[in-house]
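In this document, chain identifiers A, B, C and D correspond to the written order of the chains, with residue numbering beginning at 1 in each.
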Amino acid sequence: MATTVDPQQATENNHHLVKSDDSKHPANLIPALCRKFWTLGWVSGTGGGASIRDNDLVYLAPSGVSKELMEPSNIYVLSMSAQRDPKKRIYLRSPPHLKPSQCTPLFMAAFTKRNASCCIHTHSQWAVLVTLLLESQSPSSRLFEINNIEQIKGFGKGFGKQGNLGYHDTLRIPVIENTPHEEDLTEYLEEAMEQYPDTYAVLVRRHGVYVWGDTVDKAKAQAESLDYLFQLAVQMRKLGLPWVSNIEQVGPS
Amino acid sequence: MATTVDPQQATENNHHLVKSDDSKHPANLIPALCRKFWTLGWVSGTGGGASIRDNDLVYLAPSGVSKELMEPSNIYVLSMSAQRDPKKRIYLRSPPHLKPSQCTPLFMAAFTKRNASCCIHTHSQWAVLVTLLLESQSPSSRLFEINNIEQIKGFGKGFGKQGNLGYHDTLRIPVIENTPHEEDLTEYLEEAMEQYPDTYAVLVRRHGVYVWGDTVDKAKAQAESLDYLFQLAVQMRKLGLPWVSNIEQVGPS
Amino acid sequence: MATTVDPQQATENNHHLVKSDDSKHPANLIPALCRKFWTLGWVSGTGGGASIRDNDLVYLAPSGVSKELMEPSNIYVLSMSAQRDPKKRIYLRSPPHLKPSQCTPLFMAAFTKRNASCCIHTHSQWAVLVTLLLESQSPSSRLFEINNIEQIKGFGKGFGKQGNLGYHDTLRIPVIENTPHEEDLTEYLEEAMEQYPDTYAVLVRRHGVYVWGDTVDKAKAQAESLDYLFQLAVQMRKLGLPWVSNIEQVGPS
Amino acid sequence: MATTVDPQQATENNHHLVKSDDSKHPANLIPALCRKFWTLGWVSGTGGGASIRDNDLVYLAPSGVSKELMEPSNIYVLSMSAQRDPKKRIYLRSPPHLKPSQCTPLFMAAFTKRNASCCIHTHSQWAVLVTLLLESQSPSSRLFEINNIEQIKGFGKGFGKQGNLGYHDTLRIPVIENTPHEEDLTEYLEEAMEQYPDTYAVLVRRHGVYVWGDTVDKAKAQAESLDYLFQLAVQMRKLGLPWVSNIEQVGPS
């Protein structure tokens, strides 16, 4: 499915890059995923987004459109190899009358530093509330931790590692502070990736979360599992239940 | 798409005004939007509504119908220029067996005083709860304020101003008291527009919210972003988290 | 649309009574309504139901089927005039392999005592929680009251009365105690109708609610408005907000 | 619909076993049920699953796929009679590129020990929260109990017994501790079945629930009723309402 394009064509509108009858083509998958994300409250009010990398090509949702109404013709296409300077991104395909997403450099970080194939950004309220609850404990708290919940097994052990986390493992998701301009988050995101090399997600304070995966299916599954855990964590807090526990205390005798 | 109609024809039922194969035609958009709003709980029990202005023509949902089942043939059409006296509205097109919405003068206020192209009215419980929480603090409290939440960037800076609010900006939505007859809200709504010239929305105590935008897409996006913030605000209150904060205290060192 | 049938035919399976191309035919409307109610959580696990009366004929959902999967062929049909003894109901049409709903005598009460055209029974958790909250205040508390909420205007003033309740009016919904056998609720329901002749709904403790209307549209709208108010009431309780207030205290000065 | 297959064919891919135009065929029903379960939040992030037994044949959802996107071609098929050693399960049909579900031995327990026709496994947060609330009262608490709620009537009296529970009956669902490997739950599940022979469900601490039924419809209805009760129980706890009550105290005088 990998299509290579001469970056010199970048000024032209390579519509063929987003035209396919294959429902698994990134230009068809992104709108389908975003329709689903809208029903989950992840991309309300044009917030959030998603990007898929297919070998050298990166497919991106545009900025400021109703994500559940997006169409393949709205998709941007970048070339990985053509990215010499992140400040000078070369778009192989740019939809008319639209703006590229401010999330682009953050998606690119997941592709270049973690070799991800898909990165999802949500404004899920559960993610935002988790960052607010951490902040209320300590303004400088930078880590969400939860353990002994089955859904944790929905996450891979980490970049380049085989297998998934276990039930007793503690899932750790770093939190970075939000910035006025989303592009400025990139530095913080990359720092968090360095500090937590095994994480597949980074929370953004009072903003949302970025989640990625080795495949589109894994990115989607990890995004769903993480939102499940964020929602559960908020409910647990309302009920006075701790996020981290020593299960030995409660195991069968 | 602007169709002009001789007000003298007002007694006739200009069905052609609501008949179009274009999914973007206001008479098709309003039912599509209302179906979506119903799934969000914004227009339960025939409450709420939406109106779109296309140049001189104003398209309105009727009163007292199941909003998710509305059809183009149920849409009312008014002429802006034909509105000499708001008490004597001239309908270019009136569906048989239906009543015009009591919200009409409020929608008109957004069109005439803010040059909006679309105005949405919801009975969202999150909006109602926010007005109740403000009232419980002080019966005369007339302003919802929230800041340092990413979704705030989903709002324009204000009427006639370029660009959107920033992450650190404080979003301010005025609250007006409810009245027994919805038409009587108009005066309060217009006062709130005068007092807060940059607002794109006005909360109505124990009732809901009116949101508008320069385009249909912007009105929809601002309505979604606002409901997101109202819901978040209610959750924050349940968790003892303040709506307004000095982010410097929690920013990265 | 009124079809009359010789009660002597009751032993035959009058399939024609539930066969129609008209989407507004009761045998098509009931499954369509129940599909919608399932998405609202009103009829989970085969609970709840709905009935429509068309002149002499009463159409009923069966017992113990997944309400969102119901089909016109699953609908029972009764004759009002043929009901001499409620204990000996004559079904003009009985689907094979199904059981009639235990709610039947309660639906019939709305049709015979209030001349309703549609009656909806939900197991909505919001309705159940409201009855539990009332019980926790006083085990014998038999009345849900709420006022000064716009959605209250979604209710008619009462049986045989013109117009709807006003914003300042107090909506009163009687609560009856649940019984082991649903049919035994009938007596309590009829007593509540006598005591509150203007009510369009009766709550059943720890069970759900019955709502009816002069038309199918009004019954649906009142059911939605009531569930909206029950959900709002539960949220208000969580936030320490009273259900009944003297609005003069908070009105504009 | 019972198809018998020579276990010797197990190495072959009997695609005909999952190919049918009948929407009630297990290979069509499982994907349809899982699409519905996904919308309920029961199978987020590839969690949970479902299995149907048709006489000698057992149809199973695979592991690690987006349950709402599952297709009949993804379904595994086992032969009951061919199961000599649970450690050596013989698959009559195995989809290429997929892994069998770790839930398989737990589903098999419901089929072999309770003669169930369908078993559903959800990661519903309401189920998880109920197990956490029980744990917070007493780490060794092993039983969820609720009574005097109408929806309890949605459950059968027990294995081999006629009729359903009554309104005043107490529904008891045993809780087993979670294990790192899902297959290791089987022993605990079977113990719980022995200790509570009438139960149609077993909660798994910090994990979810297994629910089964004599038919597919009954399993689905019991799964929905149980999730309804778990959600209600969490709401009751938030509102300070007890799960078990002596209804005589609140009955009509």
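A few notes on this one:
One rule holds for everything that comes next: a residue touches a chain if its C-beta (ideal position, glycine included) is under 8 Å from a C-beta of that chain, and two chains touch if they have at least 3 such contacts.
The structure presented is a predicted model; accordingly, all values stated were derived computationally and were not measured.
Common neighbours of subunit C and subunit D under the contact rule above are absent.
Common neighbours of subunit B and subunit C (chains touching each): not present.
At the interface between subunit A and subunit B, two copies of one sequence, fewer than half of the residue numbers in use appear on both sides, so the contact is built from largely different positions.
Simply put, subunit A must spin 90° to overlay its Cα atoms on subunit D, rounded in steps of 5. Of all chains, the one whose Cα centroid sits at the greatest distance from that of subunit C is A. Centroids built from CA atoms put subunit B at 32 Å from subunit A. Work out the mean CA point of subunit B and of subunit D, and you get 45 Å between them.
Contact with two or more other chains is made by residues 238 of subunit C.
Residues 41, 44-47, 64-66, 123, 125, 128-129, 132-133, 135-136, 139-140, 176-180, 188, 204-208, 234, 237-238 of subunit A are the ones that touch subunit B when the two sit in their complex. Residue ranges on subunit A touching subunit D, taken from their complex, read 148-151, 154, 166-168, 217, 220-228, 231-232, 235-236, 238-241, 247, 249-253.
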